[in-house]
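Starting off with a structure, shown below.
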Amino acid sequence: MKLVSIVAALALVEYAVFFILAGRARGRYGVAAPATTGHPIFERYFRVQLNTVEQLVIFLPALFMCAYFANEGMASALGLVFILGRALYARAYIVDPAKRGPGFLLTIASNFLLLLGGIVGVILEFE
Amino acid sequence: MKLVSIVAALALVEYAVFFILAGRARGRYGVAAPATTGHPIFERYFRVQLNTVEQLVIFLPALFMCAYFANEGMASALGLVFILGRALYARAYIVDPAKRGPGFLLTIASNFLLLLGGIVGVILEFE
Amino acid sequence: MKLVSIVAALALVEYAVFFILAGRARGRYGVAAPATTGHPIFERYFRVQLNTVEQLVIFLPALFMCAYFANEGMASALGLVFILGRALYARAYIVDPAKRGPGFLLTIASNFLLLLGGIVGVILEFE
């Protein structure tokens, strides 16, 4: 589980970058805590961060389940697709939220396949 | 840990459904990203999704801890109660947020018991 | 992994307290679901809870990776620093959001070190 752990750590580093960018945008665009709205550009950074949380909640357990019950190499490859998709999503979202589609679909698709791989893998183990 | 892994995967599938429903509501009720407010029905779907994230953060580690350190069958049964509670919660919330109580309490209670089971189990292992 | 599991469970108990406090503040300050804004004091409690979710997403996997691939005692100690930092953060945030800095930095720093420890640990295992 070393390979897939590195992939998980990379996804967390990417998320930490989103977290830092959102914090910086809070200062730059003058949105004082506890508000999470008030400036459209800050809201983009904040949504990039929070949407990543919303997806990591599936990604992290599905990644390890897929690696453990199905195949670690396949899970790691799908994990890299997820990380790439998140980067594309974030870059597009900051420029124009309407263009976030392709990166978003890439992360949704890899999450779906990881979850499917994990479920199929664990069911086959029962035989 | 196969049984409890399937229960975890089921909870993730349920969450993915909430995620998709919130995305669809965003389009249907005309709430353009990055906004997360603007139409009361969309806000219900979005809160169902986000509140599930807020609870999965306890549920997933507590489920595996309870299965590993206490009893896998008990953890799996409590996990199914959580999944059922979330379904009741989501259905009630969409119709009328004031009626979300029973489903909410079911998920809170199962999370509490899973966490308690995990903590008691790990403490007993130290003996 | 017993020691680090107890630390993880403690962090979840702390988060559950934030969850309960935010729920109570919702009632006390008259913010009816699905709204998450409307009263500045409720918004503080809600942000304390949600920001903790945003950090637990790194904390929980990084804690276990650091314990597993690097050193369990070190990971557990950093985990306790995280829990303490979150308590300071929550207390300061409720009184005055502008004073949340020190507790926030403590949790960011421990998360950073846990993630670094996990990454270095897993890379060294490849040798």
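Note that the chains take the letters A, B and C in the order they are written out, and that residue 1 is the start of every chain.
Criterion: a contact is a pair of C-beta atoms (placed from the backbone, for glycine too) under 8 Å apart; a residue touches a chain by one contact, two chains touch by 3 or more.
What you are looking at is a predicted structure, and each value in this text was computed from that prediction instead of being measured.
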| item | value |
| --- | --- |
| Arrangement of touching chains [line / ring / star / complete / other] | complete |
| Proportion of interface numbers common to chain A and chain C (over half same, under half different) | different |
| Separation of mean Cα positions, chain C and chain A [Å, integer] | 19 |
| Multi-partner residues of chain C (each touching 2 or more other chains) | 37, 53, 57 |
| Chain C-touching residues of chain B, taken from the complex the two chains share | 37, 40, 43-44, 46-47, 53-54, 57-58, 61-62, 65, 69, 93, 97-98, 100, 111-112, 115, 118-119, 122-123, 125-126 |
| Chain B residues touching chain A - in the complex, by the definition given at the top | 2, 5-6, 8-9, 12-13, 15-16, 19, 32-37, 49-50, 53, 56-57, 60 |
